[in-house]
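Each structure below appears as structure tokens.
Note that subunit A is present in both complexes that follow, paired respectively with subunit B and with subunit C.
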Partner chain A sequence: MVNDRGNQLNQKDSPLVRLRDLSKSFGRVEAVKSINLDIKSRDFLAILGPSGCGKTTLLRLIGGFAEPSNGTIEIGGNDVTRLGPERRPTNMVFQGYGLFPHMTVRENIAYGLKIQKVSQSEREQRVDDVIGLVRLEELADRGTGELSGGQQQRAALARAIVMRPQVLLLDEPLAALDLKLRQAMQEELRRIHNEIGGTFVFVTHDQGEALALSNRIAVMDEGNIVQEGGPEDIYASPESRFVSTFIGEANILSGRRQNSVVTLAAGLDLPSSSGPDGAVILVIRPEAVQILSDNSQVDVRTEGTIVDKVYLGAYVRFQIQLSSDEFITANVPTLNLSKEYFSGDRIAVGWAGKDHRILMDS
Partner chain B sequence: MRELIKSWKTVPSLAVLAGLFVAPLSLLFVVSFWSKKLFRVVPDFVFDGYQKALVSYWDVGLNTLAIAISTGIITTTIAFFFAFFIRFKAGRYGDILLFISLVTLFGGYLVKIYAWKSILGLEGILNTALIGLGIVSEPLGALLYNRGSVATALTHFLLPIAVLPIVASMRNIQDITLEAGRDLGAGPVRILLGVVLPQCRAGIIAAFAFSFLIAAGDYITPLFLGGTDGAMIGMFIASQFSIRFDWPLGSAMAFLTMFSCLTVVLIARLAIVRGRK
Partner chain C sequence: MNRSSEWGWWGFGTLVVVFMTTPLILVVLFSFGESALTNFPMGGITGKWYDELFANREFWKAFRNSLTIAGVVVVVSTGIGTMAALTLARMRPTLSQPLLIALCLPVMMPPLVIAIALLVYYVRWVGVELSLFTVILGHLLVTQPFVILIVYARMATFNYELIDSARDLGANSWITFLTVTLPIIRSTVIGAALIALAVSLDEFLITFFTISGGNTLPTFVFGKIRTEMDPTINAIATILLVLTVSSTIIAMKVSRYRA
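Coming up: the complex of A and B.
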């Protein structure tokens, strides 16, 4: 996928942003609960979670728009916990853009540099550079009200980038755009991150966006970071039911572990790696589930009845009812189907043992 | 045809406007060129009224403008900060604050005048307090009956009227534009003047126009609080109509006042709109 960008390179660097025991309560509601997170230089980090999980609050804490109830924030080795946004080396791209309606695009972009008293010649140069970077040359002298959503998005991005922040914060940057524009802006963001090489932190509820854009993902749920890692790690090795179903699709089969043997409700015994006894779940991605002809060799094998079948072009999606009355979804590449199957057929399904994960059921 | 029917619907409102606004003004405008013979006003076309008005009342006119302009500026400035507080700082108490400030309008305006009289008078609250604290030994006479006392009372009365349009235009400001300003390094003053103010110019112009025009046309406040120093043109215009029966002079004074006031409002508008850069 995409995370070959500098992941190794950064391993030895000390983190640029260091969050320690960071929490934020609004009245009785704990929006962010004691978060520890390191963000390395040049990271493109996605904070991913469902709405209300505290991800925007976390971003606002990093930007200085909310004061933490507890904990510290360090950026570039300096404690910025008590500093306002005007004194932090961060800049934010707001979800509603927040462009100044009484200024042109160019004036919007130049605003921060004027405050920093950057000389006029340098200011003009830098403003022109970012206008070129976000491709707004034609619209630079228009009022912001005349721009479309995507153009406003790029203007807001330019206004933040021109400040050369140590950390660029993006709050649901693409949420307000339609699908086509969103895909185009994803590419723009990737390109811009490659070109200027800054550290980007963006908040999103869209797992596809997080996978496509970032080299690291922090998954949030109910105010906690529940898992953090590269997109492949998170997708391939989810550590909880929540993460496995929130990022990508997953089949969840219930079972129990006793003396290192997992027995599934679907009537299967799996020799498992060690772990405490108790209720467990087995997580398997739909694309890893195969429909087996009689002679195929797989690690896990069971039987079921096809209850639904949808042809989706590149693959066919089967809903299969197992003996436990649990359902399992299999996305089988159309090219791999040796014969035609119909609803009601009894079939054998299975998967490679390395493809499933067994987690404690919480 | 449809257009015609549509335009017919505006007839009632146009009739009200014509009957209550255009007709009396036109009448006054015509009368301002008439002449006064002993105790009779006769139709004529002379400029006696305007000449008399300029010669005898120019100083009161300028005094009026000075008081009204300073009242307008002070009122609008206080109203701007108050409106900012209501819109951006008071949270859910903002609406309550706005309501309370509007309720003071119902207190009546004579009440406010008398209140200021009893605050600023020789034996008023302020003088009593100053003497009690030993700051002065004798009551200060200069507190009352001057431009300052008139402007103070007018500001007190006009404040809610000026707050309203500014709050209304601030409601359209997105909160994140203020956050964006901070994010780009702007301090509180810069946010206020560079981000908030330019986005509520229309409200500020309306607030200044309201408070300035009402102040300039007032003839009760200066009567009670103005003395000779704080005399305003409205008092003299009123007396031309009520005591002296010199309608041509009164009308001429009224028109001169109206045009100077409109000029001030237009200049103020230009200044505020130009303030962009």
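Coming up: the complex of A and C.
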């Protein structure tokens, strides 16, 4: 995908896409608020956030379908802020696919190349190639109305990648598919990204999808990018309450920090915590919480009462009420359970100090 | 609904249909009848009224005028009306609704009022010679709203992602219109054009007031009624009927199937 225009990107590590102070308002609604974001060549970036947070608007700004209220967009070192979509090196797979109903699959895919006046022989070659890539050989000469959702999705994908865009934009590419198809298409997307080696930016509200597909995630909330990084970083080191609960599951315990000592409402002190004084939260993933036998040694330890227990095969899920009346969820691998526990049991719970994060409570 | 009231509705419906179609059937019937009195018994079947009509040079002039006017009106009102509808459909409703009402005002006004207003406007204010051109302008005034309303209604269910897709694939707005928007709404546009055709072909009042010399088919018929009420007017009416009904039927067929 980059081979055509790769020469524009000879400075190796400079980002392919650079968004600076990018914002977009619709009347009084600020859909995108002053976003700064770099996207590197060959990234598979997920823009992840709840519905209505401005993801589609951001993607449409990058694709040129909306004019920003403020800020600039650079792609491959060129300022494209004022260019329309037909003049940007991007292509988009729309949420509703946007396939032309009066054309066959093949005609849909060839449309952009025809407009670019690519010679017929090259056009046919490239169209055949992508049809093979997305495995639509059998359906290539059907009308788009005869395709299932997954097949339409692949046709739309083929129509975009045949243009060899520097950046491929995908708006909730899997949202309309049922679960099974969604998983199959996830694999398909990963395979295609590997095969053509392009730069993909996709929008999703599904954190599982973002973790499964991307090598970078930009988490959005109310028009802002609140955290950006690799999936492992974001999962292991969320920087806010929002990120910690939106990506994966998290227990949140409230407390205060004073002179580098955090005191939790649940009645324990955690020394040597650097940071400003004030209200804090402790974030701990359910899979990091252990149920302790009397002699076990952990960094953080407290007591609670089991209020609910669900057996889930590979692990057992406990709801535990702490002395602060806060609840904490523990997902304990079934194999690690030395004895049987019941609702109402008083137990000790704890975790390794490296597993929790302490954040200012905003 | 019970049996007897169902029969009642059927009966009522049949009566309405009979009442509305009888005059039409009679016109067609008498246009082929021997009797010169437009009366029963109509005698044998004959094509002589058509022969007589086709031998009349005034008829052919009127016919040509009607086709010229309708041709220009269809092309112009379809072109401009479609563009206007596409533009209106992309506007905010607070803007498009008042504009739509303003543009469609002419169909809500009595044709007589429009006819008089146009006549006064042409003669007193602009000072143009009355001609086929002034008739065409008058027809545009009443056909334009139909085209705008029909195409505008179609655009309510148009998938704008298709336009974005075309732009995304490199098409400018004109190519997008030609290769995506127009092919998709084609049947609606053809339907709107045929309705404009039907409206123009049998428009009488505005034509009558703004044509000065010459005739179109409707004013030709009117002239004939006043002088000699012979069955050739039945033949003209039948021709007009066939033209407008067939264009309306094609319009309905075409716009039903793809839209």
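In the analysis below, the second predicted complex is superposed on the first by the 349 of 362 C-alpha atoms of A that agree within 3 Å, B and C clash if a C-alpha of one lies under 4 Å from a C-alpha of the other, contacts with A are read in each partner's own complex, and residues count from 1 in each chain.
Convention: a residue touches a chain if its C-beta (ideal position, glycine included) is under 8 Å from a C-beta of that chain, and two chains touch if they have at least 3 such contacts.
None of the values given here were measured: they were computed from a predicted structure.
Visitor: What does the overlay on subunit A give for subunit B and subunit C, a clash or a fit?
Guide: clash
Visitor: So in the superposed three-chain picture, is A:G84 touching just subunit B, just subunit C, both, or none of them (first/second/both/neither)?
Guide: both
Visitor: Which holds for A:K33: it touches subunit B only (first), subunit C only (second), both, or neither?
Guide: Neither partner.
Visitor: Going by the contact rule set out at the top, does A:R257 touch subunit B (first), subunit C (second), both, or neither?
Guide: Touch status of A:R257: no partner.
Visitor: Using the superposition on chain A described above, determine whether A:P101 touches subunit B (first), subunit C (second), both, or neither.
Guide: Touch status of A:P101: both partners.
Visitor: Hey, what residues of subunit A end up touching subunit B and subunit C alike?
Guide: Overlap of subunit B and subunit C footprints on subunit A: residues 63, 65, 84-86, 90-92, 94-102, 111-112, 115-116, 159-160, 163.
Visitor: Which positions of subunit A touch subunit C when the two form their complex?
Guide: 63-65, 84-86, 90-92, 94-102, 111-112, 115-116, 159-160, 163
Visitor: Considering the complex alone, what residue numbers of subunit B touch subunit A?
Guide: Contact set of subunit B toward subunit A: 174, 176-177, 179-187, 190, 194-195, 198-199, 276.
Visitor: What residues of subunit A sit close enough to touch subunit B in their complex?
Guide: Listed in rising order, the residues of subunit A that touch subunit B are 63, 65, 84-86, 90-92, 94-102, 111-112, 115-116, 159-160, 163.
Visitor: Going by the contact rule set out above, which residues of subunit C touch subunit A in the complex?
Guide: Per the touch definition, subunit C meets subunit A at residues 159, 161-162, 164-172, 175, 179-180, 183-184.
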